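Both complexes below contain subunit A, partnered by subunit B and then by subunit C.
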Partner chain A sequence: MSRNTLTSRRYKRRSPVRDFFHRLTRNKGACVGLVIIGILIVILIFSFFIDYKDVTKQDLSNRFLKPSWEHPFGTDDTGRDLFLRTLYGTRYSLSIGFGATFLAALLGVIIGSFAGYYGGWVDDVIMRLTDILASIPAMLLGMVIVSILGGSVRNLIIAVGICSVQYYIRITRASIMAIRGQEYVEAAKVIGMSDTKIIFTQILPNAFSPIIVTFSATIGIAILVSASLSFIGLGVSVPMPEWGALVSSGRNVLRTAPYLSAFPGLFIMITVLAFNIIGDGLRDALDPKMKR
Partner chain B sequence: MQDDVILEVRNLKKYFKTNSGIVHAVDDCSFTINKGRTLGVVGESGCGKSTTGRCILRLIEPTSGSIRFKGQEITTMNRRQMLKVRKNMQIIFQDPYYSLNPRNTVYQSIVAPIKQNNLMPGASRAQIEERVLELMSTVGLAERMINSYPHELDGGRRQRIGIARALAMEPEFIVCDEPVSALDVSIQAQILNLLQELQEKRNLTYMFITHDLSVVNYFSDDIVVMYLGQIVEKAPARELFDNPLHPYTRALLSAALEPVAGANKKRIQLKGELSSPLDPGDECRFAKRCTHHCPECNCGTPKLVEVSPDHFVACHLVKQLT
Partner chain C sequence: MIRYIIKRLLYLIPVILCVSFIIFALMDLTPGTVVDSMIPSDATPELIAAIRAQYDMDKPMIYRYGKYMLNFIQGDLGRSDLSGESIMKMYLTRLPNTIVLALTSIVIAALMAIPMGIRAARHAGTLTDTMTTVVTLIGMSMPAFWLGLMLLFAFSYKLGWFPASVNGGFKSLILPAFCNGLSMMAGTTRQTRSAMLEVLNSDYLRTARAKGVPERRVIWKHALGNAMIPILTTLGGNLSHAMAGSVVIESVFAWPGVGRLTAEAIMSRDTKMACGCVIMTTILYVVMILLVDLAYAFVDPRIKARYIRSKKPRKQVEA
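Up next, the complex of A and B:
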C-alpha cells in the first residue's frame, strides 16, 4: 500500500459541517429552539390540511366563546375559531418573517461587505444612502412601498425586507472593517486571491457571528412590522389570519376577551424567542474557538 | 555586486495622506538584493520597514519609485502579471496570531496557495495531501497537527504554518516581516534556524525586516538601517557591526545587549522623541536626537555617500565620523 492512501486514511479530514452540527446539538438552548421551530414547521404542514372555509366560517351565535375543548383558543367577534385561524396564520408569519429577513440579509451583507472592504468613496456613497434609508421610519417606508406595490405576501416581504436591510449593511460593514486589516487577509492577497474571493472566503466567515445574531433578532422584528402593516390595512388582506393581524383585531375587546390577543401573541413571542436562542446557538457553533 | 541581482528598489516613496498632513512613511529608499542573500532592514517602530516590504509585494501601492524583480518592473504591472510575479515572492508575517485565518485548519491554510494558483494541476486529493504533509515536515510540524486550528497551537508552530504557506508557492524571494518578534526567545532561535536551513537548501533570498539587531547580525549578509522612512546607513553586516558610522546606527548598536558583564556601560542614550513623519522639512531627520548635532544638519536632507566599498552613510558630518 502506498504512503498516500495511508496518510489520507490516517488523517481523515475534519468535516466543517459535522463539526458545526456537533457543536450546535451540544447546546441545550439551541436544541430547545430547534424543537420549537420544528413544531412550528409541523403546524405549518398541518395547516395545509385545514379547509380555508373553516378558517373564515362565521358563526354569530357563538361569538366571544371562552377557550374550551371545542374551541381551544376561543372564538372571535364573528364567531370564527381562533385555534384554526392561528394555526393557519403560521404560513404568513413565518414566510414573511423568513422571506423579508433573508432578503434583507442577502442584500445587506453584499452591500455592506463592499462598503467595509473597499472603504473610501465606495463606503461614503453606500453609507450615506443607508443613512437616508434609516432616517425614514420603518413603518412609513413599509407603507409607501406596500401602497406602491399593492398588498400581498410577496410585496410585504419586499417592503419589510427593505426596511431592515440597513441593519445588515451596518453590521456587516463594521465587522468587515475590523477584519479587513488582519494579516491573514493580506496573506490571502499574496497568494493571489481576488478581492471578491477574499471577502467571501476569508472575511465573511469570520464576520458571521453578529450577522447570524441580527438575523434571528430581525425575524422577530419582521413579523412584528408585517403585523403592524396588516393592522392598518396595508398588509395581507383582512380575512387572512396573519398572527399580527389577529393580535390587532383582538385589541378592541382586550378587557372582555383577552385570549383573542393573547394566543396569537404567545405564538409570536415563542417564535421570536426560538429564533433568538437558535441565533445564540449558531453563533457559538460557528466559532471553532469554542470548547468542544 | 551587479551579478545576480534579484530585487532592485530605486527611489521608493510611499506617502499616506492624513487629515493632519502627509506622512512620509518611506522616502526615497534605494537598495538591491542579490540572489541567495539576505538583506536585513533595521529600524525602530514606525520607520517604514514594514511599509517598504509591503510595497515590494504591492500589498500597498507605492507612491513613486521603481521596483524591479528579476529585471522586470513590477510597479506598473496589472493584476494578472502581478499574480505571476507573486508566485516568486512571498511574505512571512510578524504576528502568527493574526496572519492565519482562525477558521482554517493547518491543512486549509497550507493548501490554499496550491489550490488558488493551481500549482498541482490534475493532482488527486491524496497527492495534494501528501504535498501538504511534505511541506509540514519541511518546516518541522508534526503530521498529526494537520487538522488543528491555529488557536490550538503555540506561536512557534503557528509561525511554521506561515512559513509552510509561503513555501507552498516555491518562491525565490521571501519578505520576512519581523517573523520572530512576537515569539519567545527560545522559539525565536528555532524559527531563525529553520529559515536559515531553508535558505541554504533552496537558495532563497530574504528581505529580513526586524528591530532586533542581534537577530539581524545572526542572519544578514547586508544591512540597511532606516530612520523615519529614509535609509541612513547601508553596509555589509560585518562592516556595519565593526565600523558603524551614522550616529543613529551607533546608538542602535550600543543599545543591543551584550552577554558580557559590564559591556553595556557606555551606552549612547538618545534623548527626545522620534520626530514626526508628517510633512518633514528639508533637513536631517535625525538631527533633533543626534549626539553630533550641528547647524549644518538643518540644511538639506543628507544624501547617501559611499565612504568605503559598499558602505553608504547619509550624514552631513560623514567626514568627521570616519
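Up next, the complex of A and C:
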C-alpha cells in the first residue's frame, strides 16, 4: 500500500486528458463560461419541475406588470409570467444548440473523414458538394429547410445542423489529410486493418482537437441562428416559450414594455457568451501553439 | 488575371445550376403549393387535371426546372403567386436598399474594428486588451435582432434621435447600419488583433523602426499592410452575408431589402417568389465571394504575382 503511493507519487505524470483539464481550468474565462453553463443546466433541471400549464396560464388581470419581486421579468400581454417562461425556454435553446451541433459534427466528421482519407475523386465530389452547400447563405438555407419541414424543435435541429455541417467536413478533412501519411497509419494498414477501422480508431482520435474547438464555437452560432429563425416566425411556434420567439412576441409592445424583449434576449446572449468563452478556452487548452 | 477571373466565373455556372436545382426541388416537393390551393374543393377530376396541366404539374419536376432555368437566363423569374408582379422586378427594386445597408454597415464595422484590434494587439496582455476581448466576445454573442430592438427602444422611442420607420431618409439608415456594423465589428476586431499580433514582432517592423520610420506609419502601413489578408477575409465574409440581406435586421427595422422580401415570401408560402429570391441571393453571394478573392490581389502583391505569373513565367530560384 505504502509502496504503491510512493511509486505513484514518484511517477506522477499527467495524462493528456488531465493536462487538458488543468490548462482549461487555469483559464479564468473558461471557468466563468463553465460556471454559467453549470447554472443554465441547474435552471434546465429546475425547469422540468415547472408545470407547462403554469407557463401558458393566462391571467388577464395581471397584464403588462413591470418587473417586481413577484414577477422578476414582468408579465406579458396575457398576464403570463415571463420569468417562468424564460426559465422554461432554456430547454429549447440548449437542446437545439447541442442537437444541431451534434448532428452537424456527426455527419461532418464522417463525411470529412472519408474525403480526407481517400482523397482523389471521393474528395473531389465531397468537396464540390460542400462548396455548393456553403454557397447558400446559412440563414436562407435554414429558412428554406424549416419552411419545408415545418417549425418544431426537431426540424430546427435538422435545419441548423445542415447549415453548419460544412465547417466539420472542411476541418475534419484538413486535419485528416495532415496525418494520414504518418507511420502509425501505415503500420495499421500493414497489419491489415480495414479502412473504416483505421479512420475511426487510428486517425480520428489524433485529429480531434480542431473538431472539439469547432464544436464549442458552432454551438453559439447554432443557438443564435435557431433563435433568429424563431424570431422571424419560422422556428418554434409562439405558445412555446423559445427565447427567440419570446423576444419576437415582446416586439409589438417594445415602446411600453421593453423588458418583455430584453430579458429573453439577455438569456440568449449569456448562453452564447458562455459557449464562446469556453470555446476560446478550449482552443487555448488544446492547442498551446495558438495560445497568444 | 483576366483568365483567372473568367475561370472563376465559369466555375460559378455549375454552382448556380446545382444550387438552383436544390432550391427548386425543395420548394417543388413541398406539399401544399399554391397550385393545389387554387383547386376548388368540389372540382371534378377533369378540372383538377386541367389546372395541374396549366402549371405543368403533370410533367416531371425536371421539366419544370428546365423551363424555369430557360426563362431565368432571359431574366424572367416568373410572377409572384400572390401579387402577380414580376419577381425579377420586385427583387431588383429592393436590391439597392440592401446594398446601401450592407456597404454602410461594413464601413462602420471596419472603422471601429481595425483601430480597436490594432490597439488591443499593441497593448497585448494589458487591461485595454482584456477589455477589447470582453467587448468583442459580448458583441459576438449578442443576437442581432435583440440588439436591434434595444437600439430601437433607446434611440428611437426614448431619445427620439432616429425615426423608427424607414421613410426618414438618411437618418433611418443609421440605426440598422449601426446594428449590423456592431455585429460584424466583433469578429473583425478579433481577427485584426490576432493578425496584428502575428506581424508585430516581425523583423521588417524592427527594420522600419530602425531606419527611423515614424511609429504611426510603421503600424498603419507596414504592419497593417501585412496583416490585411485575414482582416479582409473576415470583412469580405461579413459583406457577402450582408449583401445576401440580413433577414433579421431588415425585419427588425422594417428595412425594405431583399432579405425581408425573401422572408416574407417564405412565410406566405409564395413558392415561386421564395425560390427566385433564394436563387438570386445565392448568385449575389457567390459573386461577392469571388470579388473578395480578387480583392486579395490588390492588397497582397504576392497573390497578384501568382495571377500574372501564368502569363509570363518568372525564373524560379532554386533553393
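The definition used in the following text is that the second predicted complex is superposed on the first by the 208 of 292 C-alpha atoms of A that agree within 3 Å, B and C clash if a C-alpha of one lies under 4 Å from a C-alpha of the other, contacts with A are read in each partner's own complex, and residues count from 1 in each chain.
FYI, contacts are C-beta pairs under 8 Å (C-beta built on N, C-alpha and C of every residue); 3 or more make two chains touch, one makes a residue touch a chain.
Keep in mind the model is a prediction, meaning the values are calculated, not measured.
In the superposed pair of complexes, A:97 makes contact with neither subunit B nor subunit C. Of the two partner chains, subunit C is the only one touched by A:131; subunit B is not. Contact with neither subunit B nor subunit C is seen for A:281 once the two complexes are overlaid on the shared chain. In the superposition on chain A, A:182 makes contact with subunit B only, not with subunit C. Judged by the touch definition given at the top, the superposed model places A:206 against subunit B, while subunit C stays out of reach. After superposition on the shared chain, subunit A has more residues touched by C, the comparison being subunit B against subunit C.
Contact with neither subunit B nor subunit C is seen for A:151 once the two complexes are overlaid on the shared chain.
Across the two superposed structures, the residue set of subunit A contacted by subunit B and also by subunit C is empty.
By the touch criterion given at the top, residues 3-5, 7-8, 10-11, 13-14, 182-184, 186-193, 202, 205-206, 288-289 of subunit A touch subunit B in their complex. Residues 131-132, 135-137, 139-140, 143-145, 147-148, 220, 224, 227-228, 231-234, 244, 247-248, 250-251, 254-255, 258, 261-262, 265-266, 268-270, 272-273, 276-277, 280, 292 of subunit A touch subunit C in their complex.
Of all residues in subunit B, only 54, 57, 59, 83, 86-87, 90-91, 93-95, 98-103, 105, 107, 112-113, 116-117, 125-127, 129-130, 133, 143-144, 146-147, 149, 151, 162, 165, 169 touch subunit A in the complex they form. Interface residues of subunit C, counted against subunit A in their complex, comprise 15, 18-19, 22-23, 26-27, 29-30, 124, 137-138, 140-146, 149-150, 152-153, 157, 194, 197, 240-241, 244, 247-248, 251-252, 262-263, 266-267, 269, 274, 278, 281-282, 285-286, 289.
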